[in-house]
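What follows is a single structure, and I will ask about it in a moment.
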Amino acid sequence: MSHGICLIGAGRIGLIHAANIAATDGIELRHIVDPVAEAAARIAGQCGGQVTDLETALADPAVHGVVIASATNTHADLIEQAADAGKAIFCEKPVALDVGRTEKAIARATARNVPLLLGFNRRYDPDFAALKRRTSEGLIGDVEMVHITSRDPSPPPVSYIKTSGGLFKDMMIHDLDMARWLLGEEPAFVTAQASCLIDPQIADAGDIDSALVTLRTASGKLCQISNSRRAVYGYDQRIEVHGSLGLACAGNRHESTVRINTGSGESTDKIQHFFLERYASAYRREVLHFRDILDGGTEPLTSGEDGLRALVLAEAASRSFLEGVTVAL
Amino acid sequence: MSHGICLIGAGRIGLIHAANIAATDGIELRHIVDPVAEAAARIAGQCGGQVTDLETALADPAVHGVVIASATNTHADLIEQAADAGKAIFCEKPVALDVGRTEKAIARATARNVPLLLGFNRRYDPDFAALKRRTSEGLIGDVEMVHITSRDPSPPPVSYIKTSGGLFKDMMIHDLDMARWLLGEEPAFVTAQASCLIDPQIADAGDIDSALVTLRTASGKLCQISNSRRAVYGYDQRIEVHGSLGLACAGNRHESTVRINTGSGESTDKIQHFFLERYASAYRREVLHFRDILDGGTEPLTSGEDGLRALVLAEAASRSFLEGVTVAL
Amino acid sequence: MSHGICLIGAGRIGLIHAANIAATDGIELRHIVDPVAEAAARIAGQCGGQVTDLETALADPAVHGVVIASATNTHADLIEQAADAGKAIFCEKPVALDVGRTEKAIARATARNVPLLLGFNRRYDPDFAALKRRTSEGLIGDVEMVHITSRDPSPPPVSYIKTSGGLFKDMMIHDLDMARWLLGEEPAFVTAQASCLIDPQIADAGDIDSALVTLRTASGKLCQISNSRRAVYGYDQRIEVHGSLGLACAGNRHESTVRINTGSGESTDKIQHFFLERYASAYRREVLHFRDILDGGTEPLTSGEDGLRALVLAEAASRSFLEGVTVAL
Amino acid sequence: MSHGICLIGAGRIGLIHAANIAATDGIELRHIVDPVAEAAARIAGQCGGQVTDLETALADPAVHGVVIASATNTHADLIEQAADAGKAIFCEKPVALDVGRTEKAIARATARNVPLLLGFNRRYDPDFAALKRRTSEGLIGDVEMVHITSRDPSPPPVSYIKTSGGLFKDMMIHDLDMARWLLGEEPAFVTAQASCLIDPQIADAGDIDSALVTLRTASGKLCQISNSRRAVYGYDQRIEVHGSLGLACAGNRHESTVRINTGSGESTDKIQHFFLERYASAYRREVLHFRDILDGGTEPLTSGEDGLRALVLAEAASRSFLEGVTVAL
């Protein structure tokens, strides 16, 4: 038997999930909901499913799971509606841009006893997953320090930045989740410095585009995160985990393995351009994980609670930067 | 409109093609033909299409293309039958193990004016394709020397080896095709040395498991090919192209990007294990290419003629090894 | 004509400088001064020069330069004595562990008009020098962020740590100098977090062994520094410079280029073990630079002033860590 | 006590050896002999020793060893004169360009019971030595195949080529020695193909500039050697040893570790330019080895006999190429 899925949100990320659902045994795309009917219809044409409204979709007993890939400000409401309908939920991050609203939505899912998978896609990246597995196996002893480099190829439009919640909540939140996961312990102190180096319009919008954040746990483990909205050489996603017995790193992949040696040195192709390329298999594995959750017996690897904790860290980072203090949690 | 496809041969490689056909817009798996009905049925269950006999499938006017993935000794006959039925052909290598039979089958496809795509999958590997593109763009000047390393993780069963045609025709034929492609000129001289180093049963079966072949073109370009039936570290597929202005290489990919540094040095994951992993995207691109051929306007990148020429080189290599001479073509 | 050199301090680093002086044209080791006569005699035996007391050495008109490689708490006094004697000075870092004493010693050298070269050896490392040259040439546009990883293979004895001035002044001071050099602008804000993760005796001695520091310049350039007293895999010395047009990195070198591929993956030799290996050529180039200074016409690349500014940053880092604030300079 | 050395030949390679002798404890440069007195005097000025004639030098009882770095056609005579004088010999390769003369000179050294170290410098390269050590330790099981890539940055003057003995004896002879060493067994079959691709004047001089040679031992081990007189990207010196349990490789080193990532990909510095850079430490270690031989108790790692065997292989390669046959030894 196949679990029916309702996809809410027919944008770029919605299309990725739809295609992965269509290619995954055991789940089936039944409904696509989006205010822009043509967008929903296009996905239906490519990946199957029918264009419906939310009410109809949630009323369909064959729908076991809801994938929320709509605008950020709709997430919390949709989580609550899906929870009330008793559907398992896979929601793109964030639940909401503020802590209170996030807690309330999570509480509803808990109350309704539906699983809530939050889309922290990086944990599903095969390279980062291998990094986590190796460190969990003890290959590098006790984890002591984590270095996270996370840089986008180019900044989003300023219009997007204005409603994004700012770099810490919009971009670094992924890295904060990775930090928690790899440290294996909650950060207790947060320090941030940041700048607007790329585009003064980003500063005009009240945001920064470059940031360095340091975390420290109660036992003294340390983590540094480096973010920039611009890396002209591609999507730079690297992590180092330093332990008592060694160092484990996971890095970027190049567009091809071709290397050229000439009179001016050796050169290789660029690294993968952006998240669509880098995290293509992460998105596939994330949908497989949602399928396994629907099958029962598996808890979400990235839950609403994970989203909440990362959000709290992002807010602490923001406050540290603005007030010039190390924030204790 | 979608081109109907008949798949002949429901083994391991047939399944790969079936899955790729199912995932490709513009073509559709309609028939699966195999003497082992369960094998055919399993593919039909996974990828669609119906299990039929050859006659029915070739009589279906919605079938525009035939994919031949059956046992080697059936290829030539099937090519001729498909050609007589006016179907475009995508045949796994080789057409046949002897030159005369190969020429005859190719002639039939030519006479019937149907395209014949031969499955030299490596030309469709994105890394090797990028290598070819860069050298064609002149980045390393005139091509002068090509080094091809091609090593399997472990030898096939001796029973397979007995009917394989031997290492030169079965395994090195891929490298001989790559050599021709990358040299951009036909080899005129062939020299070979070889040994049985891995398993004496292979020698008992009249074959060798390790071989070095050197090619020289009329203008003096040189190529060396190194083959082994065993590379315990994975499927070692590397090519270097040396030119008047530089060197271009394409290499292996590792299972992950994770690197571990400990007191005993730095280590990485293994390279991809075998052809199913390494050439997964090559197989996808090959099916896309067949679709484009069916759409018209595109000639096969790897034709029956390419298969014939590689076969002639393989026979020359075999003779060079046995007689201890450089064979002029 | 050759410049006579007086070496003060016949320990491990004194021996390195002595050997480099002996191998450098245009300078000559004339005197070795050390309270431990045997240590001085051993260097004289290996590298030439005679064992003397400081007074005699400074009175020798053939001595043009003094190399100070004695205990840290003697540096400032020796700088002043050498300056009074009109000798050019090459002093190991630091001038002193407090700002006032440092300023006073520098002022004396300035007043006497003698060059004062401070031993920030990393700027002379060929790889880091190449990194600086490339970024200065504009290959990566405007410098925006610098990431410095600097980890020792194992902690020094706790007895050393007790008189070292602490991690920030003893170890990170090198990285703070590199940060200033590569940013091309003075840091204006300093933030630090730190822990004792390796050895509780280090905490008992009032120090930390793991630290993350963030710097920000007035124009918003950012730098992060990661220090640990332990990296079991070797001396980890890497720098990344991110700019508006790209990224430039310089890294570690391995003990050999040998790579082994087996059934368990690919492995390489360790990285160079510690500073004696990693900075061997830096020390040679540093002595060559001192020779060029003695020849006239060249200013010290790393001056007493550089030592002072790095010390101020180290103190700010220490204060930031202790008080939990971002320190503005 | 120090062993006195007489250096014969004050050219480029003579200067390298002189500098290394001067920097090595336990040996001392006493005499420099060269028909060009200024060349000899220049080395004496830099490295010590006095300019003498051969007779005087050989009559000096303090001379224990002779380093022969003069023109190739003088080597055999000088070996014999040094042997008659009872001096240990370190002679640049080759002993002579023909087998008979080589055998005669070696016999004389044997008869006089003096050690004869032949300058196959590559065996002293730390990376290749590490490669040999690892394979000898059994890390990759039994050696089965060796791949040697050896390419010069640019061809020597045609005038040099005319008296060089040709590519096989002049250039590939180094690789033939490495092949014997790494195979651990004598080649029994030799096959060659070659071309003149770089400069037609080389063909006019009766030589080739690009060659591929294949070796096979009696037990079936295989080796391929690729030579070119031109590699615009630098001195390309790489070796792969394939064994029953894995692969061991040693490769090139880059001029720096700096890597640049920009919008057009990743680039690194060139590999080391030529033998002076690549084999600088090999030459140092070679002189240390000669010192150890003079001290007694150590046999030459690379003997006259090794030179003879490599010469025989070079002649076989030449014959294989000219006659189009695999030559059995």
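Just so it is clear, A, B, C and D label the chains in written order, and each chain counts residues from 1 on its own.
Going forward, contacts are C-beta pairs under 8 Å (C-beta built on N, C-alpha and C of every residue); 3 or more make two chains touch, one makes a residue touch a chain.
Computed from a predicted structure; not experimentally measured.
S.K.: Please name the chain that ends up farthest from subunit A once chain centres are defined by their CA atoms averaged.
M.R.: With centres defined by C-alpha atoms, farthest from subunit A sits D.
S.K.: Could you compare the number of C-beta pairs in contact for B-C with that for B-D and name the larger?
M.R.: More contacting C-beta pairs are found at B-D.
S.K.: Averaging over Cα atoms per chain, report the distance between subunit B and subunit D in Å.
M.R.: 41
S.K.: How many angstrom lie between the centres of subunit B and subunit C, each centre taken as the mean Cα position?
M.R.: 57
S.K.: Please set out, as single numbers or ranges, the residues of subunit B touching at least two other chains.
M.R.: Residues 232-233, 245-247, 261-263, 269.
S.K.: By the document's touch definition, which label belongs to this structure's chain graph: line, ring, star, complete, or other?
M.R.: Graph shape here is complete: every pair of chains touches.
S.K.: Please output the residues of subunit D touching subunit A within their complex, sorted ascending.
M.R.: Listed in rising order, the residues are 232-234, 254, 261-271.
S.K.: Where on subunit C is subunit D touching in the complex?
M.R.: So the residues of subunit C touching subunit D come out as 23, 126-127, 130-131, 134, 139-140, 245-253, 255-263, 269.
S.K.: Okay, in this complex, where on subunit C does subunit A touch?
M.R.: Residue list for subunit C touching subunit A: 144-145, 147, 149, 151, 189, 191, 193-198, 210-212, 214-216, 220-222, 224, 226, 228, 230-233, 236, 242, 244-247, 324-326, 328.
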